[in-house]
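Two complexes come next, and they have one chain in common, subunit A, joined by subunit B in the first and subunit C in the second.
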Partner chain A sequence: MFAYVVRRVLATIPVMALVALFVFSLLYIAPGDPAAVIAGDQATPQDVERIRASLGLDRPYLVRFGAWVWGILNGDMGTSIFTNLPVTTMIAQRIEPTLSLMVLTLILAVSIAVPMGVLAAWKQGTLIDRAVMGFAVLGFSVPVFVVGYLLAYVFALELDWLPVQGYTAFSNGFFPWLENLILPSVALGGVYIALIARITRATMLEVLQQDYIRTARAKGAGQSSILFLHALKNAAVPIVTVIGIGIALLIGGAVVTESVFAIPGLGRLTVDAILRRDYPVIQGVVLLFSFVYVLVNLLIDLAYTLFDPRIRY
Partner chain B sequence: MDRRTFLKAGTAAGGAALLGGLPGPALSQGAAARTLRFVPQANLANFDPIWGTQYVVRNAAALVWDTLYGVDENLRPQRQMVEGEEVSADGLTWTFRLREGLKFHDGEPVLAKDVVASLTRWSARDPMGLMIKAIQQELVAVDDRTFRWVLKKPYPKMLLALGKNNSPCSFIMPERIAKTDPFTQITEYVGSGPMRFLRNEWVPGAKAVFQKFDQYVPRQEAASWLAGGKRMLVDRIEWVVMPDPATASAALQNGEVDWWENPLSDLVPTLRRNRNIRVDIADPLGNIGSFRMNHLTPPFNNVKARRAVLMAMSQEDYMRALVGDDNNLWKPLPGFFTPGTPLYNEEGGDILKGRRDLDAAKRLLAESGYKGEPVPCIVAQDQPITKSQGDVTADLLKRLGLNVDFVATDWGTVGQRRAMKNPVGQGGWSMFHSWHAGADCTNPAAYTAIRANGAGAWFGWPDIPEVEAEVASWFEAKTLEEEKAAMRRLNKAALDNVVYAPTGFFLSYQAWRSNVSGIQKGPLPFFWGVSKS
Partner chain C sequence: MALLEVENLQTHFRTPDGVNRAVDGVSFHVNAGETVAIVGESGCGKSVTSMSILRLIPEPPGKIAGAIRFEGRDLLKLSDREMRDIRGNEISMIFQEPMTSLNPVLTVGRQIGETLRLHQGLSRQQAEEKAVEMLTLVGIPEPRRRVREYPHQLSGGMRQRVMIAIALACNPKLLIADEPTTALDVTIQAQILELMRDLKHRVGAAIVLITHDLGVVAEVAERVIVMYAGKKVEEAAVGPLFNNPKHPYTQGLLGSMPKLGSSLHGDETRLAEIPGLVPSLKAKIPGCVFASRCPHATDLCRQVAPALEEKAPGHVAACHYATKEGAIAA
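Showing the complex of A and B:
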């Protein structure tokens, strides 16, 4: 197992290198000019040119790429072209809101979606099953921003229960932190709940046909014991896989959710950086997201061994 | 106590008992009343008002750095940091004396050497500053409070240059900061104005915080725009960046923010229905929409093709696309200067008035020799003002019979591509849309878009000596009448040759909670004199 983990961790190095090369090259050939954005609309072409030179954007591709890679190898992700702040500082400022949003959404989604999927499988073909699947279709179909606006309208503007926007750091208290995250988590969680509920239902339906379930029933096991101890545990591997894949979905959804609820997270940082062509920030955030995704996949693979003792690395 | 506060208190009490967690300290009512939460027009992504000339940077900088002079609501420069000035009889030597007791935010006094360094950096970037620099003999500190600017030829607009509100303003910084190369960003934000910038609370893209500077000495006169006593009636100003207008609207309605700089006109009816919200025009000087053509490449390198566009364009179509049915928000603009200001005139503007004659425009286009070449229109879709104008333009040019190549892109790409002088087909372009703040269009001083000095001109590079001659006449004019006469001639020459096509004059709203008072109308949000109950 340890050797496997080491092998997988080492394998992330070429993956990250490829991501780095790809992101840098893509940004290099992409149109847009941060110097023009900095100089403002009234600047002359000469002003823009001098700013470009002062930022080193007139240097050749290989020189710029080499400097960036060398910086990363020395633990320096570069400095934002616009804010003059280190990229690591900007990411550090933004990581807590995004992490909070994703963790809360994950908890919310798993704790709702898995029981929903189990229930739908158990009550297959009934009204409950159809209601759960109907909700899943809705969750997939309605965009995050629509759900977000509706929730804000009802629970913030009409009922005045929760704030419309913003983020309060966890260090300022659990409840203020939670208060700001409830609506965004529900909005972001919709599609995730739908995804997990559907896969849970499908996998459970398959497992519930297995001989060992019939055996469990024959020996007089209770319904909840059959569902949650015998069936769900054996259905866990595909469900955990989907939860892992869904992390990418969450990252994408966080971009929209953070904009709708004005949460100062990594999603908004990414969008702002892309619109302004703040290359070091884009590169840093994409590298971070890639690393997180690779790490999540590793954790998912390791989690398989917990649910299925037959899997050994 | 509102419902949310009640629920929060109840939940917190219960939750604390269950989880042992307690909410963080809340602001007292008094503290909340001394904190103003403001939604700016854009993200404060950098904070060097000389290096980055975006309006949002200028607006924040006006809180943190003071200027030697400031324009008032009559567009006249008034003394601000200076106590007085003397100009020699030949107009070549300007001697300025600073007010007593001026301090930077680090507690150091503002000295003449700081002013000299600040003006040196500013004059390397600002159009008026560059003009002064070109005729500068010397700029020196005479003593701690006196500095002298000696010129090779008179510059009658000196005080306007030092007090104008157009970006970049001549903000006064400590010498060590002002010595930074003007094309490199400063890294320290020590101001001379009424508010300190709290760098440790700055989260670019989300929040910027300003704290009252207790040692700031305001002038005795009443505040008027950038002039007069800048008395801060709140202790703390929080800029909350909200990229989504719907969220900003909801936050204002919910009392989570106090003042929103630029609500979308679509959302204004909703805001007006809320009895806790006030809505009014933000800036009476408004904005001028711009259809900017490339004078270097066909078809718009021919004045007949440019005039065909003027002849066919309906400014009402453009303005309706921008502001909808609200007639308070726009007016036609058969000229280039801001309506309601002294130099506004309509000389040569008949081509933009009356019924639009598409057939005559088509004939004129044919006379220009247009042979169906592609016409790349680069239109930023992420800016509502450019997107709306672009949609109207695509239709207009197609009806005129031009082979439109509509390039829907983002503002960052427009910024890069419009700088390219290549022919069409090699990355070149034919037109793009922009807009100019009315405050920049009250005279030619900061009106980069009206200049027509060829390679030195703004994107599109018009080369029209008649226009440049009248700009020079304005700079040399000694009376308002002379200025007006020069600007009438300039307006005509600029329309005859189509420096650019104005698409109309439009205004925008600002909105604030009814417990906020003292908000002025002006070209930027002025925070002095604003209080909150």
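Showing the complex of A and C:
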């Protein structure tokens, strides 16, 4: 087990290296010159050239990549060319809203989607099942920003139950924090709920056909024990896998959601950085997201052993 | 009063192309402490009969009608809650597939303990103690270690022993064993049968043994019910049934069994077989259900269904031509 963890952690290194190379190269070949953006409309070609040299952008590709990687290894992700703040500082300032949004969405989605999927599988073919599946299709097909604006319109503008937009730090109290995050989480969670509910239903349907479910019934076990202990534990591995894969959806969705609800998080930071060609920030944020994704999936692989004793590392 | 009385049991399944009458009007009884075997070939309705007793048939598409009286109470009239109290407690069941009948993600101890916690309100710790006891009883070595193991760490024979431990944990009055030895090696089969016989005496439970293996029947059963195409065609004590089968189907079943010491040369090298296939259970058969495969069938058989008649004391068969003296003249 320990050896497996070490091996998996080591295996993330090449993955991260590849991501780093990819992110760096993408910005290198992307059109738009950061120096020209900084210099502004009135700048002469000499000004642009001077700025370019001061940013080190005139150096060869590999040298720049090497310098960037070396910096990261030393805990330095570079400095924003727009704010002149270290990228690490900027990320630290923006990480709380995004983390809050993602964690809340994750909890919300799992606690809604899993029971929904279980219920649909149990009541297969009934109205409940069809309603769940219908919702799943809807969740997949309606984009986050549509749901977001719709929710904001109904629950914030019309009913005035929740704030329209913005973010309140957790340090200002749990409820103000929660109040601001409910609508964004629901909007962001739609696709995620649909995905998890579908896979839960499909896996549960398969598990409920198994002989050991019949054994549990023959023992006199109640319906909820059959569904949530005997069946769900057997269905857990695929469900947990999808939850992990879905983290990617959350990351992508967070960028949009933060824009819709004006949440000052990493998503907004990314969008702003892209618009300003603030490449150190873009690189830093993307690398961070990749790292989180790889880490989450490692944790999920390890979680398999909790659910299925046949899996040993 | 019999422990279990099944009266005119009808278990039908609605399918897209008609109703499948898996069990069609079967009646029998089981006395306390008795071992009754239900035999017949695949698809004759014997498993469905056994599952119907515990109401383990999914409804819909299944539908159980008739009466199943256990100690005088009609199980078909009980609420789900009351039925759960009976399952695994007063009536328990062992299944055919020991490899898949245990939950792969729960420890053996937890699975035995679950019954005890459900029906006897034991704490987790007491249940585990009792589980160790049960494992010892069913002859599993090192029960303290095994109780914390998962099914995949046990062999098929051991898993079936665990199933028996689960079934007997609450001292049931009736044990339904659906082909308990079919999936096991021959040597293990004998051990499991021996174990069941031994435990039956200790616990005093009646057993309904579902099987297609007549060797097993001869070994453990006291009374035998022969089923064909969802109907009971013959019933007798095990001796008379084997020595003097009345129904042509039973005769065919016995004739298709290889006999030890029979000659490999000469005329009797071929095992007798029953020609044809079990008829579809979706169409109502007007006459005798076995007529299409019976060597003695007449127009009467094809038109009028024979009633179950007592052909000898305690020996009933549903055949127009079975005589009181013995097999029909062949």
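Brief remarks follow.
In this section, the second predicted complex is superposed on the first by the 308 of 313 C-alpha atoms of A that agree within 3 Å, B and C clash if a C-alpha of one lies under 4 Å from a C-alpha of the other, contacts with A are read in each partner's own complex, and residues count from 1 in each chain.
Assume a residue touches a chain if its C-beta (ideal position, glycine included) is under 8 Å from a C-beta of that chain, and two chains touch if they have at least 3 such contacts.
Nothing here was measured: the structure is a model prediction, and the numbers come from that model.
Aligning the two structures on subunit A places subunit B and subunit C side by side, free of any clash. Judged by the number of subunit A residues each one touches, B leads among subunit B and subunit C. Within the superposed three-chain model, A:Ser141 lies out of touch with both subunit B and subunit C [touch as defined at top]. When the shared chain is aligned, no partner comes close enough to touch A:Thr126: not subunit B, not subunit C.
Applying the stated contact rule after C-alpha superposition, one finds that A:Gly220 touches subunit C and leaves subunit B untouched. The angle formed at subunit A by the C-alpha centres of subunit B and subunit C is 160 degrees to the nearest 10.
Once chain A of one complex is fitted onto chain A of the other, the partner contacts of A:Ser25 are absent, as it touches neither subunit B nor subunit C. Using the contact criterion defined above for the overlaid structures, shared-chain residue A:Val37 touches subunit B, although it does not reach subunit C.
Of the two partner chains, subunit B is the only one that A:Thr83 touches; subunit C does not reach it. Look at A:Ser111: by the touch rule set out above, it reaches neither subunit B nor subunit C.
Smallest inter-chain Cα distance, subunit B versus subunit C, after superposition on the shared chain: 32 Å. Shared contact residues of subunit A with subunit B and subunit C: none. For subunit C in complex with subunit A, the residues that touch the partner chain are 54, 56, 84-89, 92-93, 95, 97, 100-107, 114-115, 118-119, 150, 152, 163, 166. Within the complex formed with subunit C, the residues of subunit A that make contact are 210-212, 214-222, 229-230, 233-234, 307-310.
For subunit A in complex with subunit B, the touching residues are 31-34, 36-48, 50-51, 53-54, 80, 82-85, 90, 93-94, 149, 152-153, 156-157, 159-166, 168, 171-176, 179, 259-262, 264, 268-269, 271-272, 275-278.
Listing the residues of subunit B that touch subunit A in their complex gives 2-4, 7-8, 11-12, 15, 19, 21-25, 43, 45-46, 51-55, 125, 166-167, 181, 183-185, 187, 203-207, 240-244, 246-248, 250-251, 253-254, 256, 382, 409-413, 415-419, 434, 436, 440, 446, 448-449, 456, 458-459.
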